[in-house]
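Take a look at these structures.
Consider the two complexes below, in which chain A is the common component and chain B and chain C are the respective partners.
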Partner chain A sequence: MTIDVIKPGLATSIQDTGRQGNYHLGIPPSGGMDQRSLRAANLLLGNPEGAAVLECALMGPELQFTESRCVAACGAEMTPKVDGEPQPLNEVFRVPAGSTLSFDFVKAGARLYLAIEGGIDVPEKLGSRSTYSLGSLGGLEGRPLQAGDQLDLMPAATSTQEGRRLPELLVPNFSKHYMLRVMSGIYDHRLTDESRERFYEEDWTVASEADRIGYRMKGGSQLSFIDREPPFGAGDDPSNIVDACYPMGSIQVPSGSEPIILHRDAVTGGGYAMIGTVISADMNWVGQVQPHQKIRFVRVGLEEALAARAEYQQLMAALRQMP
Partner chain B sequence: MSQQDIQAPFPGVFYRRQAPDQPVLVEEGQQVEADTVIGLIEVMKQFFEIKADAAGTVTAFKVEDETVVEAGELLATLEVE
Partner chain C sequence: MTATKATTTSAQVRYCLAGDEFLFVELSEEMTLEAFFRSLSITQRLKTMSIPGIIEICPANASYQVRYDPDQLSAEVLQETLETLDREVSAQKVRTVDTRVIEVPVLYNDPWTHETLMRFRDRHQDPSGTDLDYAARINGFDSVDAFIEAHSASPWFVSMVGFVSGLPFMYQMVPRERQIQVPKYLRPRTDTPKQTVGYGGCFSCIYSVRGAGGYQMFGVTPMPNYDPTGQQPHIDDSMIFFRPGDIVKHRAIDRDEYDRLSADAEAGRFEPRVVPFTFDLDDFNRDPDGYSSRIEEVLYDH
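Now for the complex of A and B:
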């Protein structure tokens, strides 16, 4: 049983729940940027929650199935089509043998997760099937899909039910303007008070450079840092620090001009001041923001961040118990 | 003769030139083949070629050079023979 890649889409890659435990060696977790939608697609289908799926960014692929399999598509709104016939999102449907699965234009969100009965069979690398393109690790030869690729599948799941649908309450609502909750970073004190205030008051536009490594923002005011004597080992630019570990979700602002939110394929350390960190509960949303859409950073404290995490965990529990 | 739309397959910035100092790839009224590149869309640090997808005449561009486009937005119209 294989799937033939007729057209790869824009940046379609094999992802799962990520590669844990190697961050200290410089290897980021990778995995689906919107874990909620990735896991929802697998759970809907009766796959293991962490089975390898296709993450399809901004434009879907065209795939031909050599055998009949059920699939589920969650996340960004791109209508799936079997031999040109529209199929539902967030619902299990069957792709017959010899049929072609393609996708319509993206209407909302940025990344669709296509789970296929059984999951995609590629070798695990450091405990994960996720593609980490920068490091040429995991997935299919460590890279996004190309035309002519063949995907092998694991044995089909036994519990798949055609027509099973994600409860409406668990379907995410995509926006064109997101509020991302942020906790102060360890270099927050390097910003001037005025600059910090503006940073959290202005709208930022996602630049076209936004990808799995990081989301770059434009359109806000230049940030200013408090004057200082650069410490030994730090660069001369006011945004430089002595090299340190970067948390996932951390926001750095090279030269004070364009903030970058680091995501699941980012470098694990470097020499830019981290002025804040997007809370873990909001990182799934970051992966669903399209380039040129708007976001605003909203400052929260630890209690609020932990409450948001608990709420997210409740939502995931509901997904695991869906009828 | 029929009219065909050339739509943006994904969101990004639409360019009509390979580089700022070069002429437009295709002029309005120009004859094109299916594989003629009529413009580029930049997204995620990459430029992707937008092809006419059918032989014919480009009748009009519907968006300016270097503008932000959404997925499915009409870029140009094509008169197909």
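Now for the complex of A and C:
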């Protein structure tokens, strides 16, 4: 049983829940940027929650199935089509043998997760099937899909129910203007008081450089750093620090001009000051922001971050118990 | 705001929450061997404690980071644990670390980084020369050869592994007045040859894969340090060769030797020279140059 990739889409890669424990060696977690939608698609199908799926960014692929399989598409709103016939999002449907699955243009969100009955079968690398392109690791030959690729599948699950649908309450509502919650810190004391406040008061526009590595933002005011004698080894730019680890979700500001939110394929360390970190509960949303959409950062403390985390866990529990 | 409450200072050390899953600890704002050694000692001890809820422990040059699961371990308890470890490490009478000395052969001034640096000349501080010319001049060396001699004569500590797949950051074991310092490119390149020996700030590095980069480029090594396909006998299942705390000695090689060693690596036959070693920080501080010679003796007499 294979799936033939006719057209790869804009940036389609095999992802699962990612790999842990290699960050200190420079290998980031990878995995679907929107874990909620990735897991929802697998749970709908009756797959293991962390089975490997296709993450399809902005423009979906065209896939031909050699054998009949059920699929579920969650996340960004791109209408799936089987041989040209529209199919529902957030609902299990069947792709017959010989049929072609394609996707309409994206109406909301940025990444669709296509789970296929059984899950995609590629070798696990360091405990995960996720693609990490910078390190040519995981997925299919460590890279996004290309035309002509063939995807192998794991044996089909026995519990799949055609027509099973995600309860309306569990379907994400995509926005065009996100409020991302951020815990300030690590190096924001290097900013002037005025810049530190203004960062949270302005809208930022997502630049076209927005991918699995990071989301670059434009449109806000230049951030100013407090004058200083550069610490030995840091470098001369005011935004430089002695190279350190970058937490996932941290926001760095090279030269104070265009903040970058680091995501699941990010470099694990470097020499730019980080001025805040997106809380874990909001990282899924980052992966659903389209280029040119707007973001406002909202400063929160640990208690609010933990409350948001608990709320997210309740949502995931509800997904696992859906009828 | 509770966020500001999360940053606390004890002596010079800064503990800072980064989101709800990371605790970042800055031991020193500037790079020092003392700070690196402390980061390494604390993180090594923390690892052996196998505390439930700790997901990843990442030592860096003068700082470290712990990823934890706040549902299993509170930030407060984690910080207290780290503060206790820091006190223990700081009170240690004997400051040693069991490590290894590794020889890295380098073809300086090679044709591949030269071709690349010429392509990105408009992003460099000094478009008229090469990265080596520039680094030699601003560090006060008479010639590129004298600069290469300084880069390869004294050993280096691997002070951090990261950025991309196993890239080692290295800090040279010489007194501060002899540390080489160079700025990064004005704008990062979109290309760097695989296994380029680079330099930025006070750190040398070896790029593990081809890709973007901002460090000055001095040469290439035939020695692979990242092995996603499992073909290199000197690299284990982690796919990564270097570890923080490794001691590296560069050896300048010529094109013939480079070609021979590259062919070996290609065929999965490359074996680096690696010797176990116990590093003693106080012995080193008493006589850095003498200690460097001893490391070289250990490497070549073994």
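In this section, the second predicted complex is superposed on the first by the 323 of 323 C-alpha atoms of A that agree within 3 Å, B and C clash if a C-alpha of one lies under 4 Å from a C-alpha of the other, contacts with A are read in each partner's own complex, and residues count from 1 in each chain.
Everything that follows uses one rule, which is that a contact is a pair of C-beta atoms (placed from the backbone, for glycine too) under 8 Å apart; a residue touches a chain by one contact, two chains touch by 3 or more.
Given the structure is predicted, the values throughout are model-derived calculations rather than measurements.
Just from the overlay, do chain B and chain C fit on chain A, or is there a clash?
Fit: chain B and chain C sit side by side once superposed on chain A.
Is chain A touched at more residues by chain B or by chain C?
On the superposition, C touches more of the residues of chain A.
Which of the two partners, first being chain B and second being chain C, lies in contact with A:Leu134: first, second, both, or neither?
The second partner, chain C, only.
So in the superposed three-chain picture, is A:Gln87 touching just chain B, just chain C, both, or none of them (first/second/both/neither)?
neither
Figure out whether A:Thr100 sits in contact with chain B (first) or chain C (second), or with both, or with neither.
After superposition on chain A, A:Thr100 lies in contact with neither partner.
Kindly classify A:Leu58 by the partners it touches after superposition: chain B alone (first), chain C alone (second), both, or neither?
First partner only, chain B.
Could you tell me if A:Glu209 is touching chain B, chain C, both of them or neither one (first, second, both, neither)?
A:Glu209: touches chain B, not chain C.
Under the stated touch criterion, which partner chain does A:Ser68 make contact with: chain B (first), chain C (second), both, or neither?
It touches nothing on chain B or chain C.
With chain A's C-alpha centre as vertex, what's the angle to chain B and chain C, nearest 10 degrees?
Once the two structures are overlaid, it is 110 degrees.
Where does A:Leu302 make contact in the superposed view: on chain B (first), on chain C (second), on both, or on neither?
In the superposition, A:Leu302 touches chain C alone.
Please give the nearest C-alpha separation between chain B and chain C in the three-chain superposition, to the whole Å.
So the smallest C-alpha gap separating chain B from chain C comes to 11 Å.
Mind pulling up the chain C residues that touch chain A in the complex?
Its residues touching chain A are 1-7, 16-22, 24, 26, 28-32, 55-65, 67, 70-71, 75, 160-167, 169, 171, 176, 179, 181, 183-184, 200-203, 208-209, 211, 226, 228, 238-240, 243-244.
Over in the complex, which chain A residues touch chain C? Could you list them?
Those residues of chain A that touch chain C are 20-27, 125-126, 132, 134-137, 142, 183-186, 189, 231-236, 240-245, 247-250, 267-271, 274, 277-281, 299-306, 309, 313.
So in the complex, which bits of chain B are touching chain A?
Touching chain A from chain B are residues 7, 9-13, 42-45, 48, 68, 71-72.
Taking the complex as given, what residues does chain A use to touch chain B?
Listed in rising order, the residues of chain A that touch chain B are 10-11, 57-59, 105-107, 208-211, 290-292.
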